[in-house]
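Below are two complexes that have subunit A in common, paired first with subunit B and then with subunit C.
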Partner chain A sequence: MKWYSSIIDVCKTILRQILLIAVSIGLATLFLSVSGYEPFSILQGMWKGVTSDLASMVRWSTGLILAGLAVCVTFKAEIWNLGIDGQIYMGGAAAAALALALPEGSQFLSVSAMVIVGMLAGMLYAMIPALLKVFFETNEVVSTLLLNFIAIRFVEYLVSGPMQDPTSITKLNASQKLPLWTWIPRLKIFDPSPANIGFYFAIVAVIIIAFVFYKTKLGYEIKIIGTNANLGVYGGMKPKWVTVMVMCISGALAGLIGVIEVAAVQHRLINAFNPDFGFDGIVVSLLANNNPVGIILSGLFFGNLRNAGIAMERVTETPSAITDIVMAIVILTITANFAIPRIRNIIKRKKMNKEFTPNRAGSEN
Partner chain B sequence: MEISFNSTVLASMLRIATPLTLASIGCLLCQRAGVVNFAMEGFMLMGSFVGVAAVIFSNGNVWVGFLFAMLSGALISAIFALSVVNFKANQVISGIAINLLCSGATTYLLRTIFKVPGTIRADDINKLETLDIPFLDKIPVVGEALNHHTIITYLAIILVMITFVVLFKTEFGLNIRAQGESEDAVKTAGINPKRVQWNVILISGALSGLAGAYLSTVIVSSFTIDMVQGRGFNTFTAVVFGNAHPIAVWLVTLLFGYADAVGIQIELLGTGISPSIIKMFPYGLAIVALTISSGSAMNRNIGRPSKMKQLVGRILKKPVSETNEETAK
Partner chain C sequence: MAYAVELLDITKKFPGVVADDNVSLFVEQGDIHGLIGENGAGKSTLMNILYGYTQPDSGVIKLFGEETKIQSPHVAIQQGIGMVHQHYMLMPNLTVLQNIILGRVPKKGLLIDEKAAKVKINKIIESFQLHIDLNARISQLSVGQKQRVEIIKALYRDARILILDEPTAVLTPSEIDKLILVLRELKNQGKTIIFITHKLREVLAVTDNLTVMRKGVVTGRLTTKETDTHELSRLMVGRDIDLRIPMADYQPGEEVIKVSNLSVFSKRNLQAVKDVSFSIKSGEIVGIAGVEGNGQTELIEAISGMTRIEGGEIQFMGEKINKFSVRRRREKGMSHIPEDRLKIGLSKSCTIRDNLILNWYYKKPYCKASVLDNGKLQSLSEKLCKEYQIKTPDSRYKLGTLSGGNMQKVVFAREVSSDPRLLIAAQPTRGVDIGAIEYIHHKIVELRDKGKAIMLVSAELDEIMSLSDRILVMYEGCIVAQFRRGEADQQTIGMYMMGAKKQEAGIV
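== the complex of A and B ==
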């Protein structure tokens, strides 16, 4: 093994993912042109995002990177947390409730308190499926999915009942505006856009998670139990403990997204404030091959795509739902591993056929 | 008790449970054949959109809506089958991808074809007529609730019975069950396992499409973005809770329908409980159901007693294995 082989591997992975993205966007472009829209509007939007609208890209990437991390942690341990959306709602709701109750004070203290409370709320909400799984072997895929709907209803209840803005005449499903000292500061260079220092939180979270993965005992346990739980048990690890820890981390990250969405972007608790970051997180993590550092790149990419979709809808009336289609195709192509191994197999089989033309019955299965 | 048990509630239970029942049949066949079908949410959503679209284009013919909804469901399920069966993709992730695809595609098509952002109403729709079956009225207590439903509701119940017979009494059903137990056995018997799985996934797609069309053309006459609202996941829970047995699963879907129906009734009576809280109820029930039946959640564990059952069994009486362990010590 030569020293540069790992670099070549990384380059290969990146190239393969770029190929997948190209295929997905190509298909989406095909859809657009068939249905009579401007076919290259996605690409134009994405180009515009990189060149002139970095702010919105950062705004979307913040949530996507954090969601990707939350998914990645659980995927590594072969656990499914599909309830990230629900945990986002809970984190946001808790932060908003705290912000409305806090007395006027320093921004730093109140924001830190909100971040901690929001992360705790997300963590606690993630504990429900985790504990059910540990004690009753409840399938966490379904329980987390169902908890999403409960969380959505819960926020709906809060903003139409106890936390509804009493001064509002129109009776919108939203809470009061949060007081100024509880806002998470926005980035000054991107002034009018809601891009905020949550992006730095996301980067710090990536570094922490990468450290946990590669340098701590927990990370090692996650890796072993994710690849072979029996081996882990044999080595004296406790899969149940790892399940709980992993769900805690995942829920806390999701809660942080909720805090950022409420305290930095919307500045109030709104019904359905979460733009489906949870499921997009799955795409982000899959594209990054569950690698925390890769998640920054893929988060930025999908943030740009999201932003392109929205900008496109505003300018050319192309529905932004096309970005969902792109994401779905990306997931399908990654998990199904469609093209590449197939082509490789065909080449291999051709070679084999050339070398040993008799004995065909043996090679078929 | 007055609210929760009368013929109105029972009738609306049957009406609400119909889509769940239809979808659950396909899902339980998949489960039996070793396919974890999370994509039903997407199939149903596609079916509900295509159902309404076809009704609008055919000037209100509901049957055209049903036909195209089933076709579209089957078409989407073909993508799912391709990735899960032929390319051996992860079943859960593929299911999620299909859900995302259908959510995006229906929103996209709604914008593209009808130029509206959120909801499309089918105005001149020939609603399905309710059937009047005279002998049902004579049954005491439940007779009134059983009568006067659309044909799809009765069809769903008949399909449950047919599924029961097919699954346990025919070769087709035997192949499906064998596929879930051991793929090698199926191969040895000279049957193509891929074909078995393709069949059940296509059936599931078509039935879920029909279920979706029922939601959008019979229960209401409009399509709203993401109108399925977790019913696909609830169906999956019902299948897990019913241990993939057709009759048991049907009863569980009725239970979910009942939870919904009581919720609606409470909301109508105006007891002051927020409707959002009431709407949480079916999901909470599903989680409880899942917990009770858990341990047999994934197909390879069909037939194994659930963790909860084991715990309850341990409390009620000492199982043999435990005493053995003690004597061994």
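== the complex of A and C ==
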């Protein structure tokens, strides 16, 4: 194997994914023009995102990259964590509760403590379906999904009950504003956007996860069990242990998103603060082919797309829901990935027939 | 005589390999034609082309003298080609009748016309002596009966040309005899049969003409009567093959494993292993013969630690290991070549390297504080590839790029290189080519001569008989007979395998 062959492979994959994106945006544009909206508003919005609104793109992609990672870790081990949204809520709630209880002090220490506690909360919440799966063989697709609703309602209860801001006159479903020293610093160059150093956390997380995948014992076990669980058992691994580990990592990453959303973007715990990062994370990971480094790229893309949707809605009549359509088309095209080789075969067959016909005509003469 | 099938100058390339290089095949009408060659010689690709699974890059297909194009299996069936696959394509929870008419259902209005179907099927059954209960469910049938259903299915679809892909791989000696009778009957009634195999003895017994392939080209077209095993194996492998294996004298040493009164339940909660006792000494190959599904799988899984034991005791090197984990057993010196290498022993979508390092990745010096030393693991896997003749340019390629024989060598390399005290070898040569069989057999004997204990489980009676120092026969979860080398012939062992006989004496 030549040293550059893997680089060529990566380039091929990236090209294929770009093609996929182009197809989805093309279809969405078609949809827009058919339904009478400004057809090129998505493209305009995305172009603006890259040229003049990098900050918003960074703000959205932070959560998306982390969510994509959280999904990717479990996908690799053939486990489905659809409960990332719930784990985000738990992480955010824990961090907010800690922030409101902390005495005034060093920002570095308070934020570190919040990050740790938030990640732990997400992790513990992800442990519930993991342990259920390990001990009772519960299907994690169902359990993780349902636990989302419990987490959403739990946060709603917190912010309309015990944690509700007593000083608020309008009785918003939100907690008190977090004290200044517990805020995660925003990026100065992007001021006044809520883009924050959480983005760096996300990049570091990508590096750590990539290291885990390619350089550690656990990564190897995830790879083996994810591709053939029987082989894992036969080789003396403990698939149950790997399930728990993977769910812990996934939950911790989700918890981190919660901390960032609460402590850097909203600065308080708000009802329904999570903009559905969990489910979008699935698309992010799928587009990146479950490759941790690719997740940075696909996270940035979807961050930009989401930002474009919001900007579009502000400027034109186009509803931001159109971005959901783009995402849906991306999912469809990825899951229908088998279609591409098929189409290629059909084209090849047609070509062959063409080449065949003159030959045959010749032989008959 | 006219040709039923003519494949002219077929070429099919896959990325990196030429599967078939200008291959031509001529099959006479009403002939049993043997297509033989090692795995990876291109015979399956050729048949897939004939059956419409893949399209050739170039070449012409003629059926009964007329040039045609076969774009899909559907077209192939319409043209009168039927295929009996190596892995049967049957729905286990449907009845025989339902399976046969699947895909070509006679209708009466909106309903299925079962009567018309039965009439037609019974006619086939009568004329070809293929007796079977149409109302039985597929899951209740034996392997040989399932094959029969596949043949009826092909005939029901009016096949004039039958392709049989490795039809004898999973059959017992008596079932093979029955199959041969059926094939002769089919031939007598004018069907053309293409018989794919790598077992030379059967080829010589059944076929009229032969085409031999090696590495994508035809190396011989022969009339069966005028050839012998010797010539065929040379054409297949490209050199003379010595299937007789030099062995040291039988000198069993200390007891390595002792199984007493072992009981194991299968996944469907039936008692699969019933009160089994035996032992294996060092320097000894113990062969376990038996039709598949008679408890061998569960016995292996119990010994290797992959399944729970219901009763009895397993002693390894004098130590009771009932409760030991798989890893602990492996570290004690147990190795295991699983019977289904793709389901259990390998991961196709991982690299060759990842498959080779399974026993080492967590050990020093390859792994320190949970961090892998990828460089050392890489050189380890390269070393193993070289030492065990795994043919690949680089072990970083995906395992799926290897042929069946080389995949088996990966398993073999991994399991043998850990220098085990006991090697459990289940179907070690299933679906691998003669070259690899020769290699694996020699290596197994070499291990025995070095004083290892070997438990050989195989459905191939030939293999068991040529390698084993002692033979145990399993039937319905019990060990029903024990023989020393040379004590019994194929027919006798076959009787015990079918449960027709049982030895009463205690087995040690």
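Keep in mind that, in the parts below, the second predicted complex is superposed on the first by the 343 of 365 C-alpha atoms of A that agree within 3 Å, B and C clash if a C-alpha of one lies under 4 Å from a C-alpha of the other, contacts with A are read in each partner's own complex, and residues count from 1 in each chain.
Note that in this section contacts are C-beta pairs under 8 Å (C-beta built on N, C-alpha and C of every residue); 3 or more make two chains touch, one makes a residue touch a chain.
Keep in mind it's a predicted model, so treat the numbers as computed, not measured.
J.: Is A:K217 contacted by the first partner subunit B, the second partner subunit C, both or neither?
T.: second
J.: Subunit B or subunit C: which reaches more residues on subunit A?
T.: The partner making contact with more of subunit A's residues is B.
J.: A:V233 contacts which: subunit B (first), subunit C (second), both, neither?
T.: Once the two structures are laid over each other on A, A:V233 reaches subunit C alone.
J.: Would you sort A:S52 into first (subunit B), second (subunit C), both or neither based on which partner it touches?
T.: A:S52 sits against neither subunit B nor subunit C.
J.: Which partner chains sit in contact with A:A328 here, subunit B, subunit C, both or neither? Use first/second/both/neither.
T.: first
J.: Of all residues in subunit A, which touch subunit B in the complex?
T.: Counting only subunit A, the residues touching subunit B are 31, 35-37, 80, 82, 132, 135-139, 141-143, 145-150, 153-154, 156-157, 160-161, 279, 282, 286, 319, 321-325, 327-329, 331-332, 335-338.
J.: Give every residue of subunit C touching subunit A within the complex, in rising order.
T.: Counting only subunit C, the residues touching subunit A are 55, 67, 71, 304, 306, 325-328, 330, 336, 338, 343-350, 354, 357-359, 361-362, 367, 370-372, 374, 393-394, 396-397.
J.: Which of the residues in subunit B end up touching subunit A in this complex?
T.: Residue list for subunit B touching subunit A: 38, 79, 82-83, 87-90, 92-94, 96-98, 100-101, 103-105, 107-108, 111-112, 229-230, 233-234, 236-237, 240, 274, 276-277, 279-280, 283-284, 286-287, 290-291, 294-295, 297-298, 306-308, 311.
J.: Note which residues of subunit A are touching subunit C in the complex, please.
T.: Checking each residue of subunit A against subunit C gives 1, 214-220, 223-224, 227-228, 230-231, 233-237, 349, 352, 360.
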